[in-house]
């Protein structure tokens, strides 16, 4: 029973990270009908940039509490990611709005390759360690060991998701986003600047991804230039699981996938009699994706894709 | 999906007097929209049967049910006296002998005209991967036979041999429509469903199309036809069924339809009834 | 009236065609010796180029003919390679003749092609891509972790000492002597791979002009209309997956014998994407285009690598960045540029050009 609660807790926390990244995928797919292959690498850039800035700031020995330095570092990395998202859309996707769908998929792959290799050129192929900023003793709730940091991760993720929800439902931009997602042609006729909306969606998704990337790095203690691919794939699976294009779906999908993965990692050895251990845990995201697409392709909460897609 | 108990028991595959196609109480809904409601249709063997109605009346939907692209929710579907399950796939219906053309011309644009018609013969031929790779004598014979037949069909619809070698996308609009008919004929169908074959054609092309349809009729083909060109329909069709808002509102000979009150009301509005057809 | 791949070819006289063909044959036979003058590693590069030609032609069936976007194609390469590695090496001390393993590998990979393709048959284009990507990763993960409880694949270390091919008692690896000079094994493998590529080309050409080939193109062009023609789209798609996979399996087996060792890192997503790019950039659905794509994308990185090293020395006096990163970076940029400016590929098939430049 202990394992169950522990893994449940772990699953929810990693799930919240997946959810934040999944939001980026789902918003883009909902409006443009394309998979932003480069999104995972934008997350990576956010993580690596933050770690670098944080390490530098700590190195200056300014006497400021490291947690605060972390906030500063993230705030510095956010515009980098937002700008990156904006640039990717402008250069690699916008010219291909009317091309067959294979085209932006391939440019997305190209951008992903570029980002990964640029990162490797800047930071090398190895891991960047996340500085020991948030060490605290874990305490036990209901049999699961959780650190304060993990709680903060979860809370922050929920806050961000709620913030996005409010933005989408209550603001002018959000209304424009929803209109564009339904039908960009009609939205344009209503006076919505569709290009600006699409850019905003990319910047928003990239920013959320940046924060998620930092959380992920803090959780696992390190980041590397190639972390974006797997992370992106899992988050995309989460988005599909919840229903692509559906914001609540991305959130739900993220949590569900996180829990499934954690449960799998915890119990796989038992289930297979030691044959397969937790090194196979990455498979779960794929298996979930395949299962969803075969059994219920519109996802748990139903997909919301624009009429162009 | 429910299927009503058929009111007619099939007498087997004979020729005989049963209709080539029969719909009894066919209904189809999409979410809240009732696209077809209790539609009854009887297409006699060897006849040309027209389907007309205002836009959105459900004509293409009915065609889609006929060819398996939509699955009706309820009703009875009989083809040449045989009961057809409402769940039948397009491929199976093609094999049963229902061929169609499309409102928006759906040729295989990359292929040549000849290849398009050759594809139509797919379900009647059987060369597989091994035969193709090894070019067995049987494979070569079948390929030659397919090619000969495809050429024959292309000429039958009035296209020249030169056209056969050209890529489908480069053909003129009228030629493309005729090519689509040739491709449909390649299935050796019992029933040919033509969805607005004259759309976008100039008068010369329309006249050629009319001749083609008459030729098919003379050769014994059963044809169902959707068209907006009312004159064409009146000249060609033996019987016409009129749909409006997914329901059949009239069925009869062209003359009967021309004077039918319900039809006039559907097309021209209630006031017109008293003015037209006198 | 055979299908024309390049319409203007028909216009050339048949004599000049024969001359061109003859010249090409001579060039291909002499190629390794010419390349050898530039350095022995170039012959090995040519061998790899031929292997990639096989892969590109295989993927061309799936993506080019049938229009199924497969991002996990390298899995079949991996299966073929590991099959030979396990069955013809000291690892488990089984030594089946690699010649026998060519058809077995083809069949094995083909079967897996159908198995992995089956769940994807009803999926939309992008989803198909992602699921196949997932399958590719799963296969790689299994290759990496099947070292316990029974050690089949030797995990991350891979399997080495794989038997090379031998003919008439002479091992390919030991090379041969001609006119007093010794030529290493890479030359022999070159001719073997060349023959295999030619066989595969012949198979592809026959498939193109066959009932199944037409069905593939029909499905790619308009799946619904294809169904209306009575085509069993399910089975036809499975044929495409199986056929393409079998070529990958053959190439993988040859790779294992040639290189002498295999490990999971050779079979990642990047390799799948590479092969896809060879097909897409060379000209989807077009045999000649795909071959050009394969050769170009194999040779260019080597040329770049040869150029970048001295370039960095000249500019910075030392190696600042890993040349591999630079060449991958250029590759990524080239990919984006290619799609933006010439998406139909270098030698496009008819329709693609119109699809991308319709106005």
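We call the chains A, B and C, going by the order they appear; numbering starts again at 1 in every chain.
The working rule: a residue touches a chain if its C-beta (ideal position, glycine included) is under 8 Å from a C-beta of that chain, and two chains touch if they have at least 3 such contacts.
Please read all numbers here as calculations on a predicted model, not as lab measurements.
Put simply, the chain closest to the centre of the protein, by Cα centroids, is C. Compared with subunit A, the chain whose C-alpha mean position is the greatest distance off is B.
Distance between subunit A and subunit B, defined via averaged C-alpha coordinates, is recorded as 50 Å. Spacing of subunit A relative to subunit C, judged by their CA centroids, is 33 angstrom. In terms of their C-alpha centroids, the spacing between subunit B and subunit C amounts to 44 Å. Residues of subunit C that touch subunit A in their complex: 69, 119, 122-123, 125-127, 129-131, 133-135, 137-138, 141, 145, 148-149, 269-270, 273, 276-277, 280, 321-322, 325-326, 328-329, 331-336, 339-340, 343, 355-356.
The part of subunit C that touches subunit B in the complex is made up of residues 1, 3, 203, 206-207, 209-215, 217-218, 220-222, 224-233, 239, 243, 349-351, 354. Residue ranges on subunit A touching subunit C, taken from their complex, read 34-35, 91-92, 95-96, 99-103, 105-107, 109-114, 116-118, 120-121, 125, 229, 233, 236, 240, 274-276, 279-280, 282-283, 286, 289-290, 293-294, 297.
Across the interface of their complex, subunit C is touched by residues 67, 69, 89-91, 94-95, 99-100, 102, 106-112, 114-115, 118-120, 122-125, 127-129, 131-133, 135, 139, 142-143, 146-147, 164-165, 167, 169, 183, 186-187 of subunit B.
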